[in-house]
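What follows is chain A paired twice: with chain B in the first complex and chain C in the second.
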Partner chain A sequence: MTRQILVFLVRRLGMTVLLLLALSLLVYGLMFLAPGDIARNLLGTRNATPQALDQVRAQYHLDKPFLWQYTHWLSHALTGDFGTSIRTGAPVGRMMRERLGLTAAVSGLAFLLSVLAAVPAGVVAALHRGEWLDRALVGWSVVGISAPGFAVGLILLYVFAVGLGWFPVYGTGSGFLDSLWHLVLPAVTLALGLGAFVVKLTRAAVARELDEDYVVFARSRGLGRARVLGIVLRNAAVPVLTSLALMVGYLFGGTLLAEVTFALPGLGALLEQSVLFKDFPVVQALTVVVAVLISLTALLADLAYLTVDPRIRNRMAR
Partner chain B sequence: MPSTSGPASSGRRTLLKTVLAGASVLSASALLEACGAQPSGKASAGAAATAGADTGKQIALLRVALPGSLSNLYPGQESGILNYIVAGICMEGLFGVDPSGQLVPGLATKVRKAGAKRYVYTIRSDARFQDGSSVTVADILYSIERARDTATSPSTAAYWADLDTAEQTGDHEITLTSKSGDESFVWLPSNADALWILPKSTWRKAGGRIGTASALPLGSGPYKVTDFAPDSHVELERVDTWWGTAPKAARIRFDFIPDDNTRLLAWKAGKADLALNVPPAAFRQWESAPRTRVVYSPDRSYVGLTFNTTVKPFDDAHVRKAIAHAVDRQAIVRDILRGHGAVATALSTPEQFGGLWSSAEATRRLAAVPQYDYSLDEARRELAESSVPKGFTTSISYPDTGPQLGTAALALAADLKKIGITLHVEELPIEQWLSRLGTHPGLGYMWYFNTTGDPGELASWLLGADNPARYANRRVTALLTEAGTEADPAKRAELLIQAQSAQAADVAYAPLWWGQSAVALTDAVGLKDYTSYTLLGEWPSRVYAAR
Partner chain C sequence: MNAPLLRVRGLRVTGPQGTIVTDVDLSLEHGGTLGVVGESGSGKSLAVKALSGLLPRGLHATGEIELDGEPLDPDGSAPQWRRIRGSRIVTLPQDPFTSLSPLHRCGTQIGWAVADRHRRAQRVAELLAEVGLPAEVARRHPFELSGGMRQRVAIAAALAGDPQLLIADEPTTALDVSTQAEVLDLIARLQRVRRMGVVLITHDLAVARSRADQIMVMYAGRVLERGPGSEVLERPAHPYTARLAACDPPLDVRLASLPAIPGSVPPPHTVGVECSFAARCALTVDACRTTVPRAVEVRPGHLAACLRIGQADPRPPVAEAPEHGGAREGAAPALTVRGLAKRFRGAPHPALDGVDLTVRQGEAVAVVGESGSGKTTLARCIVGLERPDEGTVEIPGLPAGPQRIQIVFQDPYSALNPGLTIGACLREALAVAGRPASDVAGLLALVGLPADHARRRPRALSGGERQRVAIARALAPRPKVLICDESVSALDVSVQAGVLNLLSRLRRELGLSLVFITHDLAVARQVGDRVHVMYRGRVVESGPAHTVLSAPTHPYTRRLLACRPAAR
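Now for the complex of A and B:
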């Protein structure tokens, strides 16, 4: 059994490395092909001679062929050197380290809020299918999924920061509690969209299980409501876990809007600026780091399946 | 000097920052109104009428809300206008700029010309850096060397192309020699253009990363950087090492709030005393905020059409004239800019002639350049005489950060349709638009923020070699060459206007409007002499605690 898990892990890690290589090449290629010129972005509309533009391009090896540029980046990245940002002149590794904590805090808080609120809400909705409570929860989740993040953020800001004055309008604050206070609205903004997604998935998964024959059988055998629900939830856990793992990618995309709206200097805001500027080193590094995070989360979710679902464990053992 | 265009001249970085928010500006503003943001009725647009008197009191902390983020405090690396505004109070050049657009002493007390191409600067002997060390000629020469270096100063090194030599010629004297002898050279060693002087030791210690959070700049200006979190905030503290009179604000904190709607909400919540570059789309909402004055000023920006004179059918002057006649510039300024701009009659803006003529006088003289008034009949007549009498189809792009350019283009498209020309209007991300600018399309926008107080800045590019219209006219070239080396400012200005008049006959460019920008102030703070140059100089001295 342990050997099987080990083989599975090695295979998955090998696949992840290949995926990262392919992804880094793809992103580099897309950035290379994207419209825009770094030299122009640095110099703006001001009149610049072709020599001046060439000089800037040579400075960042932009005059070299695509494959040369990519292998140059890759050879450094493999040693952990992500290079220097063209836009800011700062080392990319340091820029990311400085911002990682903030993005992790916002995402973590949003994840926690959405799971704590949405999983129980999804279960409750499934248990009350067709009733007003179900309709209200589903209706609310449709609004949550549909509402654009920046609009939700602005409404929250207007009501809770400007109107009621309960929360700060922008920034990061100082000290643990003050920082946490500053992150509540951005996290809620993210959690609303995320939670709505989880409510719908949890409801669907639980509702499907409730319709299974084993539930009718268990009830007919006289099992208590709580015991039956326990079995149902365990069976519904696999799709819910999958959706939670997928949320990591969604979370990072969502932080981009939340960080810009709430003026938070996190990785999302950095990615937005870097993509627009065609700041290759930063975009590449961020892409790889996010891809690693998503891959690891997917791996953890797979391992979690083994814990919750004995059928998968048994399949692997065979 | 900031090298870009953008909404409220907020600079390239800011433009990049606003791309995301830009798409949402209108809808989000509407949303805020729906949420109950009602005009307070207290604020008004004209600052001069409502600004309180100077109380003479100290300001413990001045909070400034910036419309974009700074990731680096050295403008040689990141050269948006916001970088200049922060850097200008920390690091000095040999010269600075005053609100009228004239160069004023910085670390040099005076400059004299020795021959056509040599500029001799007398260096201030009492200047000190913020760590107490004296400013030496060696520090200045090393800073010039760094400013010219593409690796250290990728954004501004190209500006120094005209510098031939920089050398010490006395105990407190530096001589710079220009290659071309062009009069605009005098702007180069100012901190409003391309020079920020730091100690040699600071440059070396920074190792090419000057301006980042791990290598904060140390200058000789009135404020020292004490805290910098990239894309979050920067805080500066007044020092006693500056040679000038100390400003009133003991500390200045700049908060970077890239989203316009968030910034407005932060303003309404009383989180800032001064907000720069209020977005044109939200002028009304800012004006209606409580305890707020919004001050407008011409920002020396030029918006106009550029025709590539080598591309069909724009190689035909009749086509260019037809389009020029179809633009209703008065209506654009009145209805699209809501009066916050002026009809452009030339490539140079009136404020570029600061120190020589008043804005009104310059406007009067620039109006002498031949104009193409709005007349669809004239437009039809010109088109009928052209190589494409039945009309044609073309396109124009505008940057997403300038929605007013898009609206103006749509208005133009509607008029052109009446004379048989189909104009497709395309919005592009600012980076893509900048890139397309370099491909010289047949019909394009030019949106340019003049970066120095030199009246020939834009004209010498648009009429000189390698101009975006691919326009060549011997008389224009001769006038421009003469203007380049003419030492008398009045004669030079006249020559530049003559060159623009000669061009106007050929309509390689059709000027549309000169823009305005706005700052918002709370009623507790005043800002004297606000012009487009004010914030590029040592501006905290003009900030006061108002009654």
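Now for the complex of A and C:
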């Protein structure tokens, strides 16, 4: 059985690598599909003198065949070298590394907040199905899902930063506690939308398990409430894990809006500026990094299923 | 020890719509077995759920429950139940495929109810041995076990708290015939050894007859008859019990038409001050519709709640049909299947292993077998829902298309689209066959349903009515051959008889040929001119129904016949 799981892992990893290759090819190719002359696009706002254009063509090897250019770019990208930004002239890799910490902190905080609040809230709602507590939680999560992140961000800013003055209006702060204090509002903005999604999925998963025969049978054998809840939670874990894995993908989309709203110099803000400026190397690099992140989360989620559900392990073994 | 194990007086279950179970009285001795018999909607499951304090949300029980002399609070949320459930009363659910948590190992699940942590592993091993399973099952997950083994694991888990009373809710309905007998034997043995009381809920009269000392018959939330097991079923006093017993198809003779009970069980809360069976009873007089009959003693210990006791014979007349035997020899074949083979990926043995089958025009062939015998794969290959690896399916004289062959599935609850009205569903089938939408009423009449059912949705129909709609839908393209895949096994006996009669009428009137897939030998006896017995993808025995089922030659057929509960 372990051998089959190993085979599965290798195959799954291989698929991930293939997927990422295809994606990077697509992302790299997009530059060539963008309207206008590539050399002029890559020149940005600089004067398009014939010398400058020649220089760009040489720098980006535009005279070489497409596949050669792609492999050249990819082999450098693998070492963390994504070329230089058109907008600032700085190496893309360094620009991303400088901003990564902030985005990771905001997203991580948001993820933590939404998991810690939403999973228990979903479980509580399922346990009190049809009662006022359930309706209140579900009602709030509908609001959370429907409200656009930038609007929630603005409202939070207005109420808690401008009105009450509990939190700073913008900036990142210095030192751990100060940074945390600065990042609370953006993280809450992100967590509200994502958490609402997790509340609904957790509630549905737990409610379905509560209706199962094995719950009645467990109760009829005299098992206590806590024990029965433990059994139910283990069975509801797979859909909840799935929703958490999906969340990571949405997290990056959400962080873009949050960073812009709260004027935080993170990866999201960088992406926004680079897209507006047609800063191709940066956009390429960011897209690939996000793709890698999402693929790895999906892989992790699959591994988590394996540990949680023996039936999935068994299916793999065949 | 003088008090009976369980004494219940005036148990009543009420829900938001009204009273669902009315005035149940019962008593059970230590080590005794009470069979609770009833069709779906009889309230039997809710009545016993109330006995273990496990009523679903929104339902409430009132009345007196006494366990071994100790009064129990009918409200299941009372703190008292925490020490009753598991260690005094335990409920074994119907379906071993859903009653165990799929993610936990069997040993873990059995051990949950063992209080002493240090002795847990040893106790689990003892319990497994007690239900006849090897100790290594403790490390397995439920999905790795067969249905019968899972039910044994569930029984072991139920016994972990050494209960005095085991309530078994249809414990064998989800299992194969041969496994059914094993599980019932196991329960009986454990009951003897542990001197445990058993309440056995079943819709199967044969099971009740062979296993219970006392029988209680329920209908629409009321107890109609109770008494000693042999008495109640051999000499029924209530017309419903008599009709129900007659609906159970016999294995030894073929009846011209099966006695069915017209109509369906009314929802209990709609039954007013009247006999709940009055609307379907052949013996109803005016008084039946204005009074609730009180239970009267027919013979010592045998009570029945009927006004007409002693005035009319409750048993309906029956008529035998001529045996078809090898009849229809002369007719041309309507369906020829040759050398059908199919193997699913990863399966230990082929689902079909060279199956031959010929159905003549107007003939009914029954295919019997247990789960895993390949009978459903055969049906699906014939209709083209599954592609066989080898072999041919020929329907002489007709080009490919829905006119040739249609199928009726097992579960009428999932076979109809819940969003479509019956009319829309039939119009769709008619349109596919190129027939006008005006034929809907005709189709409904053909299956014995009133034309106004076209406006209803499936959820407004009973199981039997839904299955009739499914048959009407299959008949829309005027097929020559109808495949019925366990088409009556999800239905109650009284309803099943009606659908079987319908199929036999359709055969006569439309000249239909039938392939009837079933696990029930008695049903096969009633439907089939010829019977094919399948085992592990092969037809191990075939021939005229009366020969195969009364003088079987293959050991597998003999084993199947021996396992019928009535045979004990």
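Here, the second predicted complex is superposed on the first by the 262 of 318 C-alpha atoms of A that agree within 3 Å, B and C clash if a C-alpha of one lies under 4 Å from a C-alpha of the other, contacts with A are read in each partner's own complex, and residues count from 1 in each chain.
We take it that a residue touches a chain if its C-beta (ideal position, glycine included) is under 8 Å from a C-beta of that chain, and two chains touch if they have at least 3 such contacts.
This structure is a prediction, so every number in the text was calculated from the model and none was measured.
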*Which of chain B and chain C A:234 touches, first, second, both or neither*: second
_Quick check for you: in the superposed arrangement, does A:56 touch first (chain B), second (chain C), both or neither?_
first
*asked:* Going by the contact rule set out at the top, does A:220 touch chain B (first), chain C (second), both, or neither?
replied: second
*Check whether A:80 is in contact with chain B, with chain C, with both or with neither, and answer first, second, both or neither.*
neither
*asked:* With both complexes superposed on chain A, which partner does A:65 reach: first (chain B), second (chain C), both or neither?
replied: neither
*asked:* Looking only at contacts as defined up top, I'd like to know whether chain B or chain C touches more of chain A.
replied: B
*Considering only touches as defined above, state whether A:88 meets chain B (first), chain C (second), both or neither.*
first
*asked:* According to the stated criteria, A:41 is in contact with first (chain B), second (chain C), both, or neither; which is it?
replied: first
*Once the structures are superposed on A, label A:151 by its partner contacts, choosing first (chain B), second (chain C), both or neither.*
first
*Which chain A residues lie in the overlap of the chain B contact set and the chain C contact set?*
none
*Flag every residue of chain B that touches chain A in the complex, lowest number first.*
1-5, 11-13, 16-17, 19-21, 24, 27-28, 31-32, 35, 69, 71-72, 74, 77-79, 150-151, 154-155, 157-159, 161, 208-214, 229-233, 255-259, 261-262, 265-266, 268-269, 271, 428-432, 434-438, 446-449, 451, 461, 466
_Touching residues of chain C toward chain A in the complex: what are they?_
52, 54, 57, 82-87, 89-95, 98-104, 112-113, 141, 143-144, 154, 157-158, 160-161, 346
*chain C-touching residues of chain A, taken from the complex the two chains share*: 130, 212-214, 216-224, 227, 231, 234-235, 308-311, 314, 318
*Residue ranges of chain A touching chain B (in the complex, touch as defined)*: 35-37, 40-53, 55-56, 59, 84-91, 94-95, 98, 148, 150-151, 153-155, 157-159, 161-162, 165, 169-172, 256-257, 260-265, 269-270, 272-273, 276-278
